[in-house]
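As structure tokens, the structure follows; a few thoughts come after it.
Letters are used for the chains, namely A, B, C and D, taken in the order the chains are written, and counting of residues starts over at 1 for each.
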């Protein structure tokens, strides 16, 4: 199974729409532990991505690069930059190819997450969006690539939030309130879930 | 009847002591309509005057001049300056004489008050210490100089406060709160009464 | 009252002590009480001296503006209280270089009384003095009673102009005349959002609602023109700008300096937001802005609020405004 | 929240608009979003460029320090939020005169991430960049974890030194080295009395009791070392001075610059009251103070509080500290 440039464009467009739609919820979550701008950041990223995704491009890589540019313009907040880094990383990984193979997704997520850990100087277990990505990667790796990639990712993202809720935040603004963060959902982890979108059964 | 240089010195010393004693009351009154420093001002003036009045001088004028200097050092607030002007004026009026005649007191008060009105750019009726001085002058003028000069002054000062209580302040900081000042005693008028000291019968 | 100080009664003295410790090449304490600040090189023979004075709590006004090409000596009172007559005398004596001394200060009854008396007493000692009062606050009285107006932030223009003229060698009459011209060419209005606290008093100087502002309030909390709901910065600035500009009778081609001044807590960010409105207003009238000043020039300690001043220039005023000075507080921002 | 602004989302942009209107000969907006401030004459061929950046709400930090002999270009975020990667890129491009660009900014995770990424992306375009992070806040981590410390008011020394070195013709490696030396030679601690409000949020950044202060709080309200009762200015200043001085290992004969900085609302009067304590402390150790700075250099809008920085000098640093600059905000008071 593989994804064409056009399929990637449509998928990114839908992600963008979901980012915009979850703005209020994510602002509220970030307000508890950070500066309350996570929703605004995703909204701005989403808007710029939607505009960028109206153009049809030859390769998935071109679309990812355009999204990277969009996110690097959107905001100075962490999540926007992390998205920009993620998109830029995958754009580089896939450069020159006209489609993406589903079986490579696990490797891409791994590469992206390594880039993000290095850029953000954080570690797995710090209770961030990157723990969600890692959970998704691990789950896909364990269960194998299938047509229900989306379902697998969704379940993994839900479980990650639950698994980390009781732990303290160890990086970012929320680290300032590490004690307070125990028992609360990390806003960035919830953002990952929202970007993936609802389970098909929901 | 006349007052020697020594009698003047002792009288000024007692005034100074009364100024210090009334500090708290006058601060509180000034706080209602002004900046609450009238008592502090009188206290400082009184302290410097007391020090100045430990020296024996040849003439009443020398004592008044020393008090003028004391008050001009004490504070930048209005009452201190008015006292300095008053003492300087009477020092000039009596210069070179070794005693003061009781029958001249009415004229001295008049001269002092004219100097104060001009220096403070205020008018009689503005509800200030000067209205008290004028009431004292008028009462002495009407009843004639007698040994109970102090009683006459005291009664006039008490009556002036009562007569002006219902009127608005028209000058100084209290003017900013003209409406609020109706029904309140002008702090400077009370200061005059306190400087005179209690009636003998009190 | 949340402030950084020791004994409330030492607030003014310790301020001056620190200021002179920090800038010993610029400021020195003098006078019997140490309540007179003089500039480096004060009392220069043959130069007209300029003294000012007023209460503490308004830095850089007043003492901060001592400097070469600015004020020579300043008499300093307690917070929001005038300087004593004796300190005014000491300041005048310090500033005297034999060519006479201009008393240049804000139009407040108490200060006037004290400076007048100090001047009179020193005339006996043969020091010639003149007086110019700054009275730029348009909110404090109508134009027909302009002589009753308070002096607020606009006084810094008069300090700068008079100081530069004196430094350039003008005589007492000339320095007095140009100081008066500077005072007459400036108008200011303030707006207050929250009060400050005088250390000796220990509570806020006035009360104001959580969403209220007072247009035209004075720098000691004197009553203004109206109290009402906090509006947008643009609306507030527009009203202030119009009130100030009306009186200056500006014509296309005129040149003005604009001073957007914080009363203390209002940050530079917000001064710049206000400045946009003034700049747009003047641009529409083809009036050009020269040497704008945006910052804290005349404050009320930690009061929140701002004032807007306009200073109408001619060639002479503009030259003196831009003349060099070594005052640590004279900076455009 | 009592502040002067219009739409909260326009706070940063309107600040920059006003700043550039007021000082058009010093500042210009550039970049795709207008969120890059450049100095007059930016991009001078052959000169090493210096960029900084960070959130709005700290004026003069960051954008205010653009100027000849200071910063070349600054990327500006929303209030208390970092600049975007794209704005960082635009700032670096603007500052580039072909001799490389130093990224010089405060040690905050988000800013670091964005500047790093901007630098990496521009290396593909052949612009050579280096990084120096300022991390002067001794309250934000112990000396053994100094690399985790936040950059606060002391960064203005690094701006001044690096800017002067670049202006003097130093190459990228040299400018980077002296900027690092400046960053390493400075220590700061702050104390907060009352919070400020971020316009987009609309409520105070933190809560604190009516008589409480927080020693060591950061300029965005980051937690400090202790919370306790408001003490006298001298006691507070003494603790701050000791905490800062300890780490600099001062010896008799050393020379330091001292920066007593208001976080916004704290008035100049109180900064001078604090300054006395620092001056006395250093005098006792026979350390001399050179070029003290007392005023608002790195603020948190209308926050009440102050910080004390010491900057240990050698001949090279002292020369650059006193080199001329035309920045409107560079003034000792």
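Following the convention adopted for this analysis, a contact is a pair of C-beta atoms (placed from the backbone, for glycine too) under 8 Å apart; a residue touches a chain by one contact, two chains touch by 3 or more.
Not measured: the values here are computed from a predicted model.
Separation of subunit A from subunit C in touch steps, taking the shortest path, is 2.
The chains touching subunit C as well as subunit D do not exist; no chain touches both. Subunit A and subunit D, compared by their mean Cα positions, are separated by 33 Å. Distance from the subunit B centre to the subunit D centre is 56 Å, each centre being the mean of its Cα atoms.
Put simply, the C-alpha centre of subunit A and that of subunit B have 81 angstrom between them.
Contacts with at least two other chains are made by no residue of subunit A.
Taken pairwise by the contact criterion, the protein chains link up end to end in a single open path, with no chain closing the loop.
Working note: touching chain pairs come out as A-D, B-C, C-D. Taken together, the subunit D residues at the contact with subunit A in this complex read 32-33, 55, 77-78, 80-87, 89, 109-114, 116-117, 121, 198, 200-201, 222-223.
On subunit D, the positions that touch subunit C within their shared complex are 2-6, 11-12, 14-19, 21-23, 56-57, 59-60, 64, 193-194, 210-211, 213, 230, 232-234, 236-237, 260, 264-276, 279, 292, 294, 296, 299, 301-302, 304, 306, 328-333.
Residue ranges of subunit A in contact with subunit D, taken from their complex: 31, 35-37, 69, 72-78, 80-82, 84-85, 88, 119-121, 171-172, 176.
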